[in-house]
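In what follows, structures are represented as structure tokens.
Here come two complexes built around chain A, the first alongside chain B, the second alongside chain C.
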Partner chain A sequence: MARLIFNRLISAIFVVLGVSIICFAILALAPGDPTQLILPDSAPQAERDKLREELGLNEPLPERYLLYIGNVLKGDLGTSYTYKQPNSELIFQKLPHTFLLATSAMLLSLLIAIPLGILAGVKRGSLTDVFSMFFGMLGQSLSPVWLGILLIYIFSVKLSMLPPFGAESPLSIIMPSITLGIPLAALITRLTRAGMIDVLSEDFITATKAKGITNRKIVFKYAFKNVIIPIVTVVGLQFAGNIGGSIVTEEIFAWPGIGRLFATAIYNRDYPLIQSIMLVLSTVMVLINLSVDILYTFIDPRLRESRT
Partner chain B sequence: MKSVKVVIWLMLCVMVLSACSGGGEAVETNASDADTSQDTASEEEADTEEADTTESSEPIELNIGWSGDVAHWDPYNDPTVHQYVTGYLLYDTLIAQDLEGNFIPQLATEWSFTEDFTEWSFKLRDDVTFSNGEPFNAECVKTSFDRLMTETLAVSTEWKELTDVIVVGDYEVKLIFSGPNGGVLFNTAMLPMLPAQYFAEVGVEGITINPVGSGAFVLSDYEKGQKMEFTKRQDYWGDQSDFDKITFYIISEGTTRIAGLQTGDVNFAYSITPDQFAVLADNPTFAAYELTGTMDQTFFGVKCDEFPFDDVRVRTALSLALDRQELVEQVVGVGDIATSCFPKGCLGYDESIAYPARDVALAQQLLEESGYNGEEIVLICPIGWYPKMQEQAEAMIAQLSEAGFNIKLEMLEPAGYLDARNVTGEYNLFFTAMSQPQGYPNVFLTQRVENDANLTGYVNEHLNSLIAEARLNADLDILQGIYAEVNQIMTEEYAPHIWLYQYAPLSVYNADELVLTDEAMIRDGRFHFENIEWVGGN
Partner chain C sequence: MGNQTLKRLFRSKFFMIGLVVCTILIILSIISPWIIYYDPLKTDLQNKLLPPRWLADGFKGHILGTDSLGRDILARILIGSRYSFFVSFSAVAISASIGIMLGLFAGYFGGWIDNLIMRIGDVQLSIPNLLLAITVVAILGPAIQNVILVMVLTIWVQYARLIRSSVVISKSMEYVSASKILGASKSWILFRQILPNVLTPCLVLASQQIGWMIFLEATMSFLGMGVPSPTPSWGTMISLGRNYLYIAPWVVLVPGIALMITVLAFNFIGDGVRDAFDPKMRSG
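What follows is the complex of A and B.
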């Protein structure tokens, strides 16, 4: 196990470095000059040139990159062109909110999807199964914009149960979690259902039934354990994706997450902030993937030997 | 297993029943959620009692659903409208303008200037303190103006001729310019004054995070991207606002701002589209305010040094083929058509100067005469800057195609758009809007016409001489005459811009609690939120 973690951490460093180089290169090649967005149109060219000099934009690309990475290793993620604040402050103010949202959405989706998927797989052809297929299709087709606005209309405007925006109340997390969680729940439901149907048709299940083991035990102790691995994979990937990609949900609910910050940084060509967010997000994603890999070895001990 | 099924079905039933319940009525405003620092004004007891004229027990709050955040709190270096509007709460300027454009005292009590406009003197109030207790005096003015000379700032371009600031006495300063500058009063009316001692202690970094001003409010709470909360100063030198607290909730989605209004979490929702307002139109609790006094006009920038717009007949045809009225009524939904280059209320506006009415047949004739045969014209538009940008562009392209124009639309994200417009000049037409703050078009004309910052290639020496002449004058009547002539030339030349419509953002507010009067408006159509009247209970 220790060797697994060590090996993965070493490769994680290379992954994160690779992401930072690619991100840096793409930003350098993308059209757009930050000074056009920092200074008004009325600023003369001499001022723009001076600002470019101050921001180090005239230095050669490799030099700029090495300077940036050198500072990162010292714990300095640079300063935002737009906000004039250290990027680390901006990012770590927002990241916990995004983590909270992604985690809530994930837990909600598992709470819905696992029981529903198991039921649908066990009671194939029943009303529950039909509903789960309908839910699986609908949930993945729903636009988060539409769903979010509908939830606000129902639960805030009509029922006055939940706050329509912000993160000041503990209740504020509910609707954004549903908005983000429903598509994930739909995906996991379909995955769980399909997995259960496959596993329940296996010979060893027939054998356990023949031994007189109860249905409940067959489902949860024997069948479901074989379905968990793909679920964990999907949940891990989606969770990592939600960390950086929940911008739409955050915009609708004015949720103070990193998605909005990221979108604004790209909009403003705020190079240091974009690079720092990418660095942090890629690190988070790598750590999530590592956690998923470790989780595999607990779920299926056979994997411990093969992975180390 | 059965219990799980029951729970799932129950949840579904609740959602379906709720969705099917009767609509069309606004929900009574309720106390907002569990944030104890926020007391909405529409508590139940306020509905039946008159406002208590003695000390109220509940703070009176203005909660605004606002569309965006400041970049930071340095008023000299954040050119966004968010900074502009919130700056009025935090800071004062030396002078201000009333709705007619006349200059009125604020922190300065009187002012004078030399005949050649190179020296400007201001006498200051002696009864003003900043929110940290520091007194306002001539040193504060010097500190403020010195920044313009020593730093590269967003506002620096209007002050590039400033060479010195002399402290004549504790409450008198003199500004020295290297050349004539007729726009000093206009620009001064938009420059907040900073506290000298505080700035010396904390520097730019300090005021970027913790602003201190002499205005009627202090920034009491700020959560980046979430809310900006301002609390009234009891020791403010000027008129007190009705509100004890003004909070801007940053909600970029307009539908959510409307929802916040319906739930009572906000009592003012800024920048709502007409179709969003339609949800509330039948509810007498809510009223819409169309900011018709804005100096925002949208326009096409025209590449005048390349085919086909190097020919005035083609530029004329473009304007003749546009149906501005249809654009405003059917697509944008608010505002008014642009009749010429300057909006009503701006210096240079003259109702006798106007674009001719739409005439597609004449446009076709002019295109034929010019030799334009349907060659592709590239129109660049920015994504995310203006509401319904794609719809607007498509509507205009459809109108123009009736006359024979062949236009290719390129929707570009902002950085790419600015690159094409200001750096490479790779366009035939670009769409944008311009505000003339305080109704003084000098900055716009100097940069976009005289200096051609958008690379239109249009050169008119007589026009440039008029623009330069205007900079030498501070008299409003003389400026009106000069700018009217500028307006005439640019309107007749259809260059370097063809103006489309005057934008009037719609705001919606709770009419049971708020009254908007002229006092709440800034001359260029923005809001003095602190001057909105409170008529709700307490």
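What follows is the complex of A and C.
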């Protein structure tokens, strides 16, 4: 099994390298002359040429790529055009906020979805089941663009209960979490419900019932363990997705996270920052996927043998 | 598609509702230039931010109100829907075509082609979709073909992977070996025998993705990475209308509800198709 993990790790490293090539290509191929964004328009051509030399812009592409990778490994992700600060500082300042948001959205959705899904699966055809189906369908159609603004309208404009912007008060996290959490909750509800239905119809459950074990025990001890596997995968993937996909939610709620930083960078065409954020977030995604994969092999013993 | 599947499809309530709503929406969007009363691009500052009149003035009034530049919202919603549908359908069709082709080659020829295509797919999947999409549009410029290109980039991998696994399985089946013995060329086997058999999951995938594409387009427009104004798009309408949430909420709420209903209807269709092909019939 250690071999499996090792293979995965090597794969992951190659993927990150591939991502770094793409990120580098973005900066290298982006239109516009970087010196124009750093020096004022009135600067003489000689100064521009000198700056180009300093930034290494005249070297051939492969060399520039190696220079870039070398810098990254030293922790230097370049400097932002807009903020004139090192990108790594900016990114690591904002990243915790996004993690906080993603985590609370995930917790919220799990809290709603798993009980709902289990109940729906166990009591098929009941009101809970129907409700869970509606919730599943509706939730997945509520894009953050719409849901976020709707929430602001209801709770800030009409009811004046929650702060719509920023991250000052502890109440500020509620609406963004709901915005991110509801689509996720809908997905998990459907998965849990489907998983429960599948598992409960299997032979070994009937056998267990025949042995006389109580319903409750069946549900929690045997059925649930089987359902958990796809849920873990999905939650892991969605969590990673929320890190990168929180742009809209953070924009709407002015949440000071990395999504918002990215949006600002795009708006200002701040290519070094854009590139650095892409690299960092992609690496985070790869790491999370890797962890989910490894976790998977621990949970499902069938996967512990070598995989094709 | 077997008869069984079709029967299941039409029996599903969700699917039928979705189908009806989507058909109405698509028809509306196609005939919209002829049924709207106001020009969606014409600004009319004297009449800006009017609340919806509903049918108080009959069909000649601003049924859903006006936005901050005095443009009729209903007209913009209808014309905006053309853009959304065009972009989303194109994106799904193109990425399906490309993904299927690449998946076929990867699955059938294996070896380095397979490795290359799958690695590229892996790398791309590791970059958050939205980030990649926005960045590419930022570099290439806001134009409709770039938006479609970027959306294709987001989802081609799913088709490629799906087809590839199906092809790998089909490759070892008897009818393929029989054809080889009879002297059939590789491309004949690939396109005439294997392809028709692996298309079904793609159909399911495509039907589920349309809703997602509409949502993605709206999100990109919201962030300013769709087609430039003055072309109306629901995402842009929501983004511009945000500022007026406190004083003129309908400017945001109307396109938002339109978006929600549309995505919901297409999701009904997607789910219906998936359930019809899945013999276990879980969602009922």
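In this text, the second predicted complex is superposed on the first by the 247 of 308 C-alpha atoms of A that agree within 3 Å, B and C clash if a C-alpha of one lies under 4 Å from a C-alpha of the other, contacts with A are read in each partner's own complex, and residues count from 1 in each chain.
The rule is short, and it goes like this: a contact is a pair of C-beta atoms (placed from the backbone, for glycine too) under 8 Å apart; a residue touches a chain by one contact, two chains touch by 3 or more.
Since the structure is predicted, the reported quantities are computational estimates derived from the model, not experimental observations.
Trainee: In the overlay, answer first, second, both or neither for which of chain B and chain C A:Glu251 touches.
Mentor: So A:Glu251 meets both chain B and chain C here.
Trainee: Taking the superposition on A as described, I'd like to know which of chain B and chain C A:Gly236 touches: first, second, both or neither.
Mentor: In the superposition, A:Gly236 touches no partner, neither chain B nor chain C.
Trainee: Check whether A:Gly117 is in contact with chain B, with chain C, with both or with neither, and answer first, second, both or neither.
Mentor: In the superposition, A:Gly117 contacts neither chain B nor chain C.
Trainee: Kindly classify A:Ala30 by the partners it touches after superposition: chain B alone (first), chain C alone (second), both, or neither?
Mentor: both
Trainee: Does the superposition put A:Arg269 against chain B (first), chain C (second), both, or neither?
Mentor: both
Trainee: Pick one for A:Tyr153: touches chain B only (first), chain C only (second), both, or neither.
Mentor: both
Trainee: A:Pro176 in the overlay: touching chain B, chain C, both, or neither? Say first, second, both or neither.
Mentor: In the superposed model, A:Pro176 contacts neither chain B nor chain C.
Trainee: Per the definitions at the top, what is the overlap between the chain A residues touching chain B and those touching chain C?
Mentor: Dual-contact residues (chain A): 30-31, 149-150, 152-153, 157, 251-252, 267, 269.
Trainee: What residues on chain A touch chain C, complex-wise?
Mentor: Spelled out, the residues of chain A in touch with chain C are 11, 14-16, 18-19, 22, 26, 29-31, 133, 137-138, 140-146, 149-150, 152-153, 157, 190, 194, 197-198, 240-241, 243-245, 247-248, 251-252, 262-263, 266-267, 269, 274, 277-278, 281-282, 285-286, 289.
Trainee: Which stretch or stretches of chain C touch chain A in the complex?
Mentor: Those residues of chain C that touch chain A are 14, 119-120, 122-123, 126-132, 134-135, 138-139, 211, 215, 218-219, 222-225, 235, 238, 242, 245-246, 249, 252-253, 256-257, 259-260, 263-264, 267-268, 271, 280, 282-284.
Trainee: Can you tell me which positions in chain B touch chain A when the two form their complex?
Mentor: Residues in contact with chain A: 1, 4-5, 8, 15, 18-19, 21, 23, 27, 30, 32-35, 38, 71-72, 74, 77, 79, 152, 154, 156-158, 160, 204-205, 208-209, 223-227, 249-253, 255-256, 259-260, 262-263, 265, 384, 413-416, 418-420, 422-423, 443-444, 446-448, 451, 453-454.
Trainee: Okay, in this complex, where on chain A does chain B touch?
Mentor: That would be residues 30-34, 36-44, 47, 50-51, 54, 82-85, 90, 93-94, 112, 115-116, 119, 128, 149-150, 152-160, 162-172, 251-254, 256, 260-261, 267-269 of chain A.
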